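Next, two complexes with subunit A in common: one pairs it with subunit B, the other with subunit C.
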Partner chain A sequence: MNKSASVVIIGGGISGNAIAYELAKRGQKDIVLLEKKFLTAGSTGRCGAGIRMQWGTKLNCIMSKYSVERYEHLNEELDYEHDIEFKQGGYLMCAATSKEMEQFALNVKLQNSLGIPSRMITPQEALEIIPYINTDYMIGGAFCQKDGHLNPFHTTQAFANAAQRLGVCIEKFTTVTGIDVDNGKVIGVQTDKGYIATNVVVDCAGGYSQYIAKMAGIDLPLYSQRHQILVTEPVEPLQGPMFMGFAHNIYCQQSPHGSFIMGRGDDEEPKDGRITSGWTFLEEMAKNCVKLLPLLKDLTVVRQWSGLYNMSPDKQPIYGHAPNVEGFYMASGFSGHGFMFGPVTGVVMAEMILGLSPTVDASQLCFDRFEKGQLFIEPSVV
Partner chain B sequence: MRIEQHPILTFPAGKMVKFTFDGKELYGKEGEPIVAALHANGIKVIGHSHNKHRPRGLYCAIGNCSSCLATVNGEPNVRTCITPLCEGMVVTMQNGKGVIK
Partner chain C sequence: MIQKDGIATQEMIDSITPSAERRSKGPVAVVECFQSIPCNPCYTSCPRKAMKELIDINDMPQVNTDICNGCGVCISHCPGLAIFVIDETYGDNQCLIKMPYEFTPLPSEGDYVTATDRGGKPVCRGKVVKVVNTPMQDRTPIIHLVVPKEFSMIVRSLNINDIYDDNTYICRCEELTLGELREYIRKGYTTLDEIKRITRAGMGPCQGRTCRQLIMNEIAKLTGVKPQDQLMSTFRPPVKPVKLGFYAQEDTDNE
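The block that comes next holds the complex of A and B.
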């Protein structure tokens, strides 16, 4: 393993690999990416893999639009030999209350002003998109055809392959055990495979970000919460868009392979880092799904699993550097939407680390917003 | 083929019921696995694999392997090795991933 590096990236998910690629593309040499297990072993490989541009804040709309546009051409851009399986079947956001409808109307207005082709829909129009929605539980909604779903394993691998071709060294099954800081500056990373001297560390360890930061003496205001998800047997293509409801607490989509992937949140979920899965989720998910999408009652569940949402106080990521430790950067606290922001994360962090002028100004998501009390409140987040 | 005698298990005589497979009228013992009734009628191919369309039929016989999936009374992906046969069942060969409607 390399004895020194200009940049050490910790975490082999979508964020780490996208940052590695964007840094290398901009000419940065001697980049090492460390991953405790295999690429996508953490939250990236466990996520629902949807991507939407239907957000309620200008910055999230801009960042997600940037990501969608990059994903549309990512196979070609990264010269990927397989397919990232980007399916733009849309997102159908189901409104259950008049309050949700009002919020969606505001969101759609904002989205349209930024060039996002979303629109409000009536329950009747929703039935034209997904004919088996139970509209008894829906007063309206919003739809954007350009939203969709992509394969997190292929997408991450595409970035990793491209990064490696540009000289990035990816070390899998390598655990970071410590970060050395001297005089307020990062000087090296300890791993179970040896020591790497470096002045720049990027923490994109997903559900383990706060523990990595702690190694450098930094307290991140983050916690990791379990979220569960399931997949069914494949059936022939049936559902175009992701069906999503905040009040109904559901997201449900059909992957290109034909299987349905669905999940829900639960405040009672443990926050101790465990990634087990249980009966309660299966029962609640099945009940909810059959109530809202009755036709899916005949699907057979083949597997369920869980992953960690790395939650920040305002459910928005931190793109930034630590104020008191020079050379420590973080792309953390994605709160459940790190995968869909992958491309923008790569660009924002690479430009920040290299001191280039930003393509997308994400300075509102800096680390000290919590101290200053400038939380970034997004109305449309799970 | 139907096992009549076995050193451990016994097979009580059951009521013979009518069912169909791909429109063909067949008879099987009520309550036996659908796939057993099909085998007794000489039918071993119940579906085809998704990608290479190779023949598929009884394999694990305990509901795990997905090899014997068929459409039963309109419901796709039914495990015929663990689903008891009933009078009047409409069983169809499932080619592809199954359709729910």
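The block that comes next holds the complex of A and C.
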């Protein structure tokens, strides 16, 4: 293993790999990415991999639009030998209450002003998009055809392969065990495979980022909560878009491969780092799904699993430099929507680290927002 | 016909097949010697005296399966290569066949080979778990071959080339061939989890019950890391595929 590096990236999920690629693309040499297991072993390999531009704040709309546009051409851009399987089947956001309808109307207006082709829909129009929605439980909704989902394994691998071609060294099965700080500056990273001297560390450890920060003496206001998800046997194409409801607490999509993937949130889920699977989830998920999308009752569940949401105080990511420790950067606290931001995370972080002028100004998401009491409030999060 | 091609008929095989009950108890010798010839090492070699005494040297041998414990001593002593030991208790739906094998090259332990029937026709994939070739065997090595249990009385030889080739489907649910799998392993996807994520093998309806072991064996072959030392992917519920509608039922529906 390398004894020294200009930049050490910790975490082999979508964030770490995208950052590695964007740094290398901008000419950064001697980048090492450390992953304690294999690429996508963390939340990235466990997520629903949905991507939507239907957000309620300007910055999230801009960041997701940037990411969608990059994903549209990512196979070619990264010269990927397989397919990242970006399917733009749309996101159908189902409104259950008039309060939700009002919020959607505001969102759609904002989105349209930024060039995002979303629109409000009636229950009747929803049926034209997904013919088996039980409209008894919806008063309307919003739809954007350009939203969709990807294959998270291939997407991450595509960034990893491209980064490696640009000279990035990816060390799998290497666990970071400590970060050495001297005089307020990062000087090196300890791992179970040896020591790497470096002045720049990027913490992209997903559900473990607060522990990595702790190694450098930094307290991040983050916690990790379990989220569960399940997949069915593949069937013929039935459903174009992702079906999503905040009040109904559901997201449900059909992958290009035919299987349905669905999940829901639950405040009661453990926050101790557990990623086991529970029976209650299966029952609640099934009830919800069969109630809202009755046709799906005959689908066969083949597997359920879970992963961590790395939650920040305002359910928005933290990008950039950590307070007090020079050379410590982070892209963490994604709060359940970090996969879709992969491309923008890569660019924003690479530009922050290299001191370049930003393609997308994400300074509102820097750590100092907590110190200044300027939380970033996004109305449309799960 | 046995006089012409040396292959025993089904009636002959039936006549010497140990009872199902005996087979279910552990290893036992199967003596496939069907012609009256002046020969008796099977009888003289058995340390347990499990072979019925050959009063006339031309008598045909008979094993007392209650006495035989399947030790296999007789296998190498038989000049006709007519004795096998089968063990149907070897493992889950697996059977161990100990067979004499006088061809070269010998297979090695851990090899996957083509298990064949008495006539040399391919039957299934077999795994060589042991090759016994000491002076005791006197140049008639004994191969321990593991095959599915249903082939315990069918497989009687082997061809050292693996029955699987690059076009063989390793994961039928997701249609991954052995050739593709080998290519992925060579590219550096060297754990079951990585293979699963990049190819979907193991994510289909069977959830890896068929392919998991095959993939781990292939990784072992190409990387040298034994299956037992490899990282295992997590087993997730449900154990068997179940319909969403079933879980969605109100409890009252079940009463």
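Here are some notes:
We adopt the following convention: the second predicted complex is superposed on the first by the 382 of 382 C-alpha atoms of A that agree within 3 Å, B and C clash if a C-alpha of one lies under 4 Å from a C-alpha of the other, contacts with A are read in each partner's own complex, and residues count from 1 in each chain.
In this text, a contact is a pair of C-beta atoms (placed from the backbone, for glycine too) under 8 Å apart; a residue touches a chain by one contact, two chains touch by 3 or more.
All figures in this text were calculated on a predicted structure; none of them were measured in a lab.
Judged by the touch definition given at the top, the superposed model places A:Arg165 against neither subunit B nor subunit C.
Shared-chain residue A:Leu282: touches subunit C; no touch with subunit B. Applying the stated contact rule after C-alpha superposition, one finds that A:Gly258 touches subunit B and leaves subunit C untouched. After overlaying the two complexes on the shared chain, residue contacts for A:Leu39 are found with subunit C alone; subunit B is out of touch. Between subunit B and subunit C, more residues of subunit A are touched by C. In the superposed model, A:Leu299 lies in contact with both subunit B and subunit C. Contacts of A:Leu238 after superposition: subunit B is touched, whereas subunit C is not reached. Legend: residue contacts after superposition of the two complexes on their common chain; A:Lys185 is shown touching neither subunit B nor subunit C. Judged by the touch definition given at the top, the superposed model places A:Lys99 against neither subunit B nor subunit C. Subunit A uses residues 233-234, 296, 298-300 to touch subunit B in one structure and subunit C in the other.
For subunit A in complex with subunit B, the touching residues are 233-236, 238, 258, 295-296, 298-300. Every residue of subunit A that touches subunit C in the complex is listed here, in rising order: 37-41, 45, 82, 153-154, 157, 231-234, 257, 277, 279, 282-283, 285-287, 289-291, 296-305. Touching subunit A in their complex are the following residues of subunit B: 50, 66, 75-77, 96-101. Residues 191, 193-194, 197-198, 200, 203-205, 207, 231, 234, 236-238, 241-248 of subunit C are the ones touching subunit A in the complex.
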